[in-house]
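Here it is, the structure in full.
By written order: A, B, C, D, E, F and G. Residues from 1 in each chain.
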Amino acid sequence: MNLRPMQDRIIVKRLEEETKTAGGILIPDTAKEKPQQGEVVAVGKGKVTEDGKVLPLDVKVGDKVLFGKYAGTEIKLEGQDYLIMREDDILGVLEK
Amino acid sequence: MNLRPMQDRIIVKRLEEETKTAGGILIPDTAKEKPQQGEVVAVGKGKVTEDGKVLPLDVKVGDKVLFGKYAGTEIKLEGQDYLIMREDDILGVLEK
Amino acid sequence: MNLRPMQDRIIVKRLEEETKTAGGILIPDTAKEKPQQGEVVAVGKGKVTEDGKVLPLDVKVGDKVLFGKYAGTEIKLEGQDYLIMREDDILGVLEK
Amino acid sequence: MNLRPMQDRIIVKRLEEETKTAGGILIPDTAKEKPQQGEVVAVGKGKVTEDGKVLPLDVKVGDKVLFGKYAGTEIKLEGQDYLIMREDDILGVLEK
Amino acid sequence: MNLRPMQDRIIVKRLEEETKTAGGILIPDTAKEKPQQGEVVAVGKGKVTEDGKVLPLDVKVGDKVLFGKYAGTEIKLEGQDYLIMREDDILGVLEK
Amino acid sequence: MNLRPMQDRIIVKRLEEETKTAGGILIPDTAKEKPQQGEVVAVGKGKVTEDGKVLPLDVKVGDKVLFGKYAGTEIKLEGQDYLIMREDDILGVLEK
Amino acid sequence: MNLRPMQDRIIVKRLEEETKTAGGILIPDTAKEKPQQGEVVAVGKGKVTEDGKVLPLDVKVGDKVLFGKYAGTEIKLEGQDYLIMREDDILGVLEK
């Protein structure tokens, strides 16, 4: 992954809903507003506070995460689709 | 529960309104805007302040809580429905 | 009262407008936007500041208070109706 | 006056526009958006800052004040009409 | 002038656009959104910061000032029309 | 220029788009939302921070600047048209 | 480039979507909301904090960046089209 997200942004690769993940998340396609699941492939340096301090992010590359249906912006890198979003868009991290 | 909520988010399992809880909360279905009741099953590390301090949450796993009708986002983990919301969505905690 | 309000929230039991309170508040039903009167039955620990300090509330259980017509959320505990609201919704406290 | 306003709120008794006050304020009824005049009858402890400091108010009981047409909420105490508003709604204080 | 403006408010007497002021400001009536000119007749103690410090104002009684077309609230004191506005509504001060 | 802009405001004289400036900025009239170019003729003391510190501005009299199409308010001083705007409305400064 | 962007603004030259960049970013024209790619040609001094500290930017001249479809304002300098935007509009930086 050669795109470095800025500040508190992260890049996520969607995980197809059909496959049953290790954590057992099965998200039927029907639910309109259902959260999405994906894997973190890149993280920014961190959130910059009002007076310039950098707060490292609480997610890391490889984490499986749950995020809101409309979170982030779609981008395509080397033919692969990704989402780029803010850390605050992440609802939770799936523990192995 | 293998989903770790981020920051000041918590995961709540709804308690069916019909059953009369220990605390005696009986919430008839009719009231349109009525608050909901549920049990906390996971809590985040805490709210991150502007300059990076982490403030632990004031609810813990096992607490019975009351929250607004439209609070949180519905998720399904291993076939079970949950709500993931911010601590600030919680109106109150039922003392045993 | 076995519901502990969160942070700067308080629980209030409405006082019927007809009865003339000790403080002599008589609020005719006609005034559309008229404030309401009630008694405080539970208070939260206090407002949490941006950096985590807890500021105790300026109202206590037993206080008779005046609050805006649309303040708070209706809840029912053990068959009794209450309102749960923020301290900032309170206009004033009736001195005995 | 047995109602203690909360924080930075004050209670004001309207002064009838027709009477020409000591300060010579004559506010014809016709002006649609005209500010109102009244006398302060109770003041709160003060504005509470973000970190809990209480800033005493800059108006006191007995002050004659000018305030915006739509400022505050109407209340009735012992048959008398009053307005309860924030200090910031006050435009100015009439010096004797 | 016996009205003391609150905090960062000031009282301004409009200067008629026709008269050509010392500073040579000639503002034809035609321009719809044209700024207005006036003289400061009273100033408040100053702006109160979040933690209670009072910042004195940067305009004083007698200053000729330029302000936005819709700035402030009209008031009448002893038969004379004035505007009461915030210091931040002032665009600039005419140097003698 | 005898008008002292308040705080972080500046006064700018528009440069006609047709003339090709030293910096070679040629902005055809057709572009609807095109930024404007002008020369700074007066600057305020600076931006006042929340606790009263004055931050000097980063533009000075004589600078050629680029600003948004709808930035500022039109004023006329001694027959000459100017714009009065906030420093934050300035996109960039043309180096000689 | 003789235009110095103010504070946290940067100037970007768009890279045509058709050409396949070193980083392999191929952004088909069809995607309506697709992010854009470009090269940084000038950066401001940095973001000014509430109390006047200047925080240097995290992008530099020559960086290839990804930004939102509607980010920035179009300008033309010496016949060449550029975009001027805030650093916060940048989604990520392409590592060589």
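Following the convention adopted for this analysis, contacts are C-beta pairs under 8 Å (C-beta built on N, C-alpha and C of every residue); 3 or more make two chains touch, one makes a residue touch a chain.
Here is each chain with its UniProt name: A, B, C, D, E, F, G = Co-chaperonin GroES.
Note that this is a predicted model, so its numbers are computed, not measured.
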- Item | Shortest contact path, chain A to chain E, counted in steps | 3
- Turning angle required so that chain C lies on chain G, C-alpha fit (0 to 180°, nearest 5): 155
- Query: What is the distance, in whole Å, between the centres of chain E and chain G, each centre taken as the mean of its C-alpha atoms?
  - Reply: 42
- Item | Distance between the centres, which are taken as Cα means, of chain G and chain A, whole angstrom | 23
- Task: Note the residues in chain C that touch 2 or more other chains, in rising order.
- Result: 50-51
- Message: Tell me the shape of the graph of touching chains, choosing from line, ring, star, complete and other.
- Response: ring
- Starting from chain D and stepping next to chain E, give every chain of the ring in the order they occur. D, E, F, G, A, B, C
- Query: So in the complex, which bits of chain E are touching chain F?
  - Reply: 23-28, 31, 33-35, 49-51, 53, 55, 58-59, 66, 68, 87-88, 90-95
- Along chain D, where are the residues that touch chain C in the complex? 2-7, 9, 11, 42, 44-45, 48, 50-52, 73-79, 84
